[in-house]
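In order of appearance the chains are A, B, C, D and E, and numbering begins at 1 in each one.
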Amino acid sequence: MKKIARSELNALFAAIAEQKQLFIPADNTAGQAEFILWKDGVALTEKLNTTRSAKDLFFPQVENLVNFKVSDKKMEIIENRDPAAPFVVFGVRACDCRSFDILDSVFLSEPVDTFYKARRENGIIVTLGCTKPAETCFCGAFGIDAANPAGDVTCWLDGETLYWKSNTDKGKALTAALSVLTDCDENAVVAIQENTRKILEKLPLNNLDLSGFESDKLMELFNNPAWTELSESCLGCGTCTFVCPTCQCYDVQDFDNGREVRRFRCWDSCMYSDFTMMAHGTNRPTQKERFRQRFMHKLVYYPSNNNGVFGCVGCGRCLQKCPIHMNIVKVAKKLKEVAK
Amino acid sequence: MQRIGVFVCWCGSNIAATVDVEKVSQVLAQEPGVVFSTNYQYMCSQAGQEMIQESIHKYNLTGVVICSCSPRMHEATFRKTCEKAGLNGHMVEIANIREQCSWIHKDKDVGTEKAVVLGRAAIAKVHLNAPLTAGQSPVKKRALVIGGGIAGIQTALDIADAGFDVDIVEKQPTIGGKMTQIDKTFPTLDCAACILTPKMVDAAQNEKIHIYSYAEVESVKGFVGNFNVTIKKKARYVDETKCTGCGLCTEKCPQKKVPNAFNLGLDNRRAIYIPFAQAVPKVATIDADYCTMLKSGKCGVCSKVCTAGAIDYKQKDELIEQEYGAIVVATGFNPIKLDKYDEFAYSQSPDVVTSLEFERLMNAAGPTGGTLLRPSDGTHPHTIVFVQCVGSRCDDGRGKSYCSKICCMYTAKHAMLCREKYPDTDVYVFYIDVRTPGKNFDEFYRRAVEEYGVHYVKGMVGKVVPQDGKLKVQASDLLGDRQLHIDADMVVLAAAIEPDETARPLATKLTASMDTNDFFTEAHPKLRPVESPTAGIFLSGACQGPKDIPETVAQASAAAAKVIGLLCKDSLTCNPCTAQPDELMCNGCSSCEKVCPYGAITYADKEFRGPNRTTLIRRMAQVNPAVCQGCGACTVACPSGAMDLKGFSNKQIMAEVDAICR
Amino acid sequence: MRQDPLIPMLGEVTMIRTDTPDVKTFRVVGIDGKKPFEHIPGQCAMLSIPGVGEALFSITSSPTEPDYVDFSIKKCGCVTTWLHSMDVGQQVTIRGPYGNGFPVDTELAGKDLLFIAGGIGLAPLHSVINYCRHYRDRYGKIDIVYGSRSKDDLVDYPEIIDEWCKEDGINVHLTIDNPQEGWDGHVGFVPNFVKELAFDTSKTVLMCGPPIMIKFTLAGLQELGFDKSQVYTTFELKMKCALGKCGRCNIGDKYVCKDGPVFRLDEMDELPDEY
Amino acid sequence: MSVNEQFQPTIVAFCCNWCSYAGADLSGTNRLQYPANVKIIRIPCSCRLNPMFILRAFQRGADGVILCGCHPGDCHYTTGNYYARRRMTLLFSMLDFMGIERGRTRVEWVSAAEGAKFAATMNEFVETITKLGPNRRLEDLRCSKE
Amino acid sequence: MQQRVKEKALELLRNGTVDRVIGWKTGEFFYDLTPAVFETAEEIEKDFVFSGFSGANLSKYAIAQSRAAGKTAIFLKPCDSYSFQQLLKEHRILRENIYIVGIACEGMLDMEKIRAAGCEGVVSVKENGEELIVETLYGDRTLSRKDCLLERCAVCKSKKVVIFDEMLGEQGDEQETARFDRVAELEAMTPEERFAFWRGELSRCIRCNACRNVCPACSCEKCVFDNDKSGVRNKAAADPFEENLFHIIRAFHVAGRCTDCGECSRVCPQNIPLHLLNRKFIKDINELYGTYQAGADMETKSPLTDFTTDDCEPSIVHERGGVK
């Protein structure tokens, strides 16, 4: 384990930035935290977490896959991928760190998504243990320990000191190159962790009961009458999906600028009316079906295909950001209530 | 994807001198969808057109782009060319490489490059063109004339002459309008009644003309060729079919104190009346506001004296529905009210009169039997002051900003007639300008000044004060640069004229547009002066703007000619480039309807198949293609993009934009 | 740099055949003139016209064709309309093959097969039929029930008449919805026709067509004594990215592009009715 | 060579069919010159111009957009240009509010008789846009020619 | 008031005036209320809440509910009532099927502002006159209520419920507000500053469409930006231009129809002050064409579907004040 004085954080960031691009959670002009490319003067946010998750750095909202030049009957495929620059993302919380397991299971399974893979290989995730979790946090329900996150490197921060512990080879290599860090004892963070865990215990949603979503209940849950009521006020916006660290649905769209055609991959949202639009219409015609798809996916379909691991990490973003305050916690509770 | 042929015209050297036509046709051949591209000396020539037609067949073309002169020049030509070859005319687009390219550029490279871009834009548009067919709508061969003044009568007579049925709706009990109240007409000084009443009789006797007197237009539905009009015939309490017009009732009616509207209140009439001797129809009417029988149920004298048994106190308003192919508005004018012009003492002295009142005072059928007498004491006036532009050309907000056009001439007429009949009178005319454009008008005015010795004074009357039976007139003489004080016996005010008050609500019913002065606007101020922008609505007389009698009659005949032209057709070809809503996108919010200048948009509730076998009822815009002129105002007002314009669709215009900016 | 599965390869259309008023068959080869990839009957590939869109189509040719892949495509959307308007020699992009395909070498091997198709639904089965014809000895009796709106709407009609009908061990049963001049075959809808034909229940059924046909035909088959586990169908229309990643083609916890598009109908019982 | 000497702006002119398109034709008939940067798109009436078209032009690389229509009061469709006037006023104000250079957008009323005015307007507009330089603030990077 | 609203909902449902009630439903916490349709008195007893966090404008839900069988009650705060009436004016709501209960409003609270004031792990908020007592996992805080109001409430334009069948509390009036101050501030900047400001704000846009989907004026059956046939569909912004286009066109489409209810900014997950775009249009309309408040009445023509012959020319934009 290593450490550095909190007052020296800037020096640490400068040292990392010397080697790789560094993103840290910092406050933007709207007073929200987001991952910002560090340069001198960018300060670590006081906020618990970023509005948009760390997913964006690995699976950006829009990316140019390939271009085409079309002339007459002939066409040409132009691959113009940027070689991904190595980067470090600092301050990822335990929940967001877990989201990469979920994204990996999708994108790194065959056939591997090379765009995502390149970023994963080039990115080093430095997590930061939580000290002031919010009432909306429920990572505990997924067995995530906010006091002891995973990642290539794990950090803890208290009033005076940042503690730094590398977990992986990538993390160790980074650590080795950072001479500003000094050695310290593993036990130094125990107090921080205990303090966090004490607060976690008090969180209203920490012990959210997620039993009853096993795959043998799939049809029962799908046909649960509560979906109508739950989805009734859903606006059909994509806020929950876009701030979600695990949502990864995408669409491929072409843009013809008259000289070449650019093919983009962009995020899609199951909440949008044209999500599953096919040549002859859609099979999810109302918001109820779309709404159900999102939560069934997180709570049932994904676990069914992934050894019972839920497609949610309890970060609480959708709890805070949904314009009508409908969210996975309310859905899970209501489904169970009605099922009984 | 279309199969497009591109035809580049040299226009002799007009285009070829500044545009490398060969290069243009070669470059455009590379565009997606272009299967044939060529150039030729004169595309519009017989040989050029044949080449286009052959290519359509040979290459199975679905779209044609012609790079040539302005579409305003030959679009119609090339459309016809293609139609003859079996290709819909609206699959043709013109790239204007002459007026907007070769003629404005000198450098051949620049011109060529631009011609290519314009060609590309046309190709991009053609890709999205769809065949359009103009609809046909049948024409109801009957016309409605609203207003039975000289304008309406003339229009009706001309239409009837051409063999079409025509109805006149007149709100007064008789047709004839303002002209019936006029004594003599300028510049010939012939008697108004002598030239008008025969026309009134003609109208009444014409088999093709039906007169709805004492009636108003209640509502108008439909569109050009197919108007559906409801006419309200007001109860006159006299059975028109029985009344012989003998006039006995109008003599026996005990209610004698009814101001006579025909004489502008200068004398009284009975509660049952025939407005004047030559009224058409010559039928009595009971004035419900004054009739004691109708008000209290006591009297019934007229009923008793009527040998024809025509009196019917229980008569009700009657609604008549009728279909028309065309509607002519001939609602005429009125002098403005003078309550804002108290400096002229109009409300204080009966000897201050308006010009129209003066007409009645001079008229042999008027309250004074044609002898000019002062309303106050019945004496002969010796000094008469005419004030011009009362409320005309007025920018202080009390009157009208426009020139009423007829006042200069009728005042000259009045002045002249006074001097002729009563040479002992002094006549003063105060004017801002004397405007006399018109055949024999200036001569007429000069006669008034030179032969009849009328005192024309440039300047305005400041104040008229009734004093000791005289009217003290203070005025300025601008040319003499002095103040004048005249002791007049009578003051005659040339009040501005304004459209009849019924015009504005009528315009709303017709969805015809009006200007801020409530005059109907014409489709084009120069080129279509007797048509309203609303198809099938025509304008006759002073409802369109101030006019004298000859102008009114000329316009009335012109409107009739337009109506006849319309009614001659069995059906109308509609403009194919009309707006069309996408039913699935329409919200029914009414934004489009509010900006449509033609009232072409209506709404209907329609059933839709909703998700999961439900049925939804939604309010939806519907465009009547027979009425829509294709301006596109609605397409921008529509937030959901449901409304689009055929031939100039959103996608077509954006495709042109894309091609130009590429 | 390694290509991403989302990045397609170029192909060229070497043949276009008009089958019906709204169906054309396109033959695609790689720009090297060779077959772009090997596939299993029932698999799909993604064709795209850059700027117009990408769309997934069943491969209609048999894997046994050595030089090309065919796609029979009905004109119904943006991409298909574009495809229908193009000429031979046009390049397109292609990626694939995708999906599981029919279990031709496992579950279907040695069985009597009953193919039931409606309209363009013949496209995915066409590949299987010709595969089975090629390896005729691996399969039992083959029955083909094919129906369409009219004679003109029967896809691959010449091939059916000239080849399939003439082959031993293959029974072709054609039907059209309404009587028509020049048609002396059966008239009526596919589900009723299947019931009339009263197939014996030892057969394994491969079915593709409009949802309404599938629904009623299945009911008919069940009346005849067939079990759902004997019936296969394909849901390729639902596929989006075809890679199992974009998250949009799922029916319950199954992804059509990874777990399908071919499903045995008894599997569908455990899935929500969202197809 | 400075950028401005090389810079050839792309300018889209939307002209109503009845007045301004005819005015543009007249300026051609009278051989009045204006730069080839201006490309005209014919629309039936100025009220057909959807703000979307203007933004589309900027997206695709236009440096200036001008709308020409009949003089207020002379609209072939009576009222179209009055609506266009309000719409464009508000749109231009919004573009200004978002910091887009004033002057990249313009409305001019040109009658069928005003060929000279059309040419003069276009000359002036091209000069304005050339001075402003390439449209950077509203450009769509996907359409960027660089 | 909080109790009266709930009692009124119960009463209307129990006495058969209506078949359902659109209101706010309790959440996991005290602040995360969800707009909901209540069909039974039991549901209302259990879950109906009206509190300082009932900010959500319910009027848009009336579009669908007014088409359901029977009658629906809806609770409208003053600003909501403008949205409702505007929708009515656009024939989107069937008035005869709706029973409107107007609610006098003292301003709604903004949880984001409470959090931004440094309150993390908030457990409860108690209103105590002009003060808010905020209980958090990390200790109690006292905040001024005024500082925690939603933006639209801080500059409330009207306390008047413009359409109702029944009113709870005192009817109020339109009031002078400072709502255009920020627009004026921006107008006073240089174009470069304004450009930088908007580029900064809009570059955060993630095109989640929350602003559009919550907006009562954006009630289109299908938005042009979702419509494949429109030629301008874009699902996710691929470029800063796209966000500009979307937000300009959206503001333009609601110009003259936007009641300034402020929902767009309230729901923006990225805290983009989108209401400023709408307010800019409102301010311009007021200044150029006379004061107009959308939804204030049923009759007045919207400024964009109206004109006068002497309207100002578009060049006024280049001529009028502000830094060039």
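The definition used in the following text is that a contact is a pair of C-beta atoms (placed from the backbone, for glycine too) under 8 Å apart; a residue touches a chain by one contact, two chains touch by 3 or more.
Since this is a predicted model, take the numbers as computed values, not measurements.
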Subject >> Partner chains that chain B and chain E have in common >> reply: A, D
Original post:
How many steps does it take, at the fewest, to get from chain D to chain E if each step moves to a chain that touches the one before?
Top reply: 1
**OP:** Please state whether B-C or A-C has more C-beta contact pairs across its interface.
**Re:** A-C
Original post:
Looking at CA centres, what chain is most distant from chain A?
Top reply: B
Subject >> Distance-maximising chain from chain C - centres being C-alpha averages >> reply: B
**OP:** Find the geometric centre of each of chain B and chain D from their Cα atoms only, then give the gap between the two centres in Å, rounded to an integer.
**Re:** 34
**OP:** Determine the centre-to-centre distance between chain A and chain E, using the mean Cα coordinates as centres, and give it in whole Å.
**Re:** 30
**OP:** State, to the nearest whole Å, the distance from the C-alpha centre of chain C to the C-alpha centre of chain E.
**Re:** 51
**OP:** Could you tell me which residues belong to chain B and also touch two or more other chains?
**Re:** 595, 637, 650, 654, 658, 661-662
Original post:
So which stretches of chain A touch two or more other chains?
Top reply: 70, 251, 255, 257-259, 268
Original post:
Residues of chain C that touch two or more other chains: which are they?
Top reply: 86
Original post:
Which of the chains touch, listed as pairs?
Top reply: A-B, A-C, A-D, A-E, B-C, B-D, B-E, D-E
**OP:** Note which residues of chain C are touching chain A in the complex, please.
**Re:** 1-10, 50-55, 76-77, 80, 86-87, 89-93, 237-238, 240-241, 243-250, 252-253, 270-272, 274-275
Original post:
Along chain D, where are the residues that touch chain B in the complex?
Top reply: 10, 12, 21-22, 24-29, 31-34, 36, 39-45, 47-53, 56-57, 60-62, 74, 76-80, 83, 87, 119, 143
**OP:** Mind listing the chain A positions that touch chain E in their complex?
**Re:** 28-32, 34, 48, 51-52, 61-62, 132-136, 199, 202-205, 229, 232-233, 235-239, 241-243, 251, 253, 255, 264, 266-269, 272-274, 319, 321, 323-327, 329-330
**OP:** Using the touch definition up top, name the residues of chain B that touch chain A in the complex.
**Re:** 30, 32, 611-612, 658-659, 661-662
**OP:** Within their complex, state which residues of chain E touch chain A.
**Re:** 27-29, 32-37, 56, 61, 116, 120-123, 137-138, 200-201, 204, 206-210, 212-214, 222, 226, 228, 235-239, 263, 266-267, 269-272
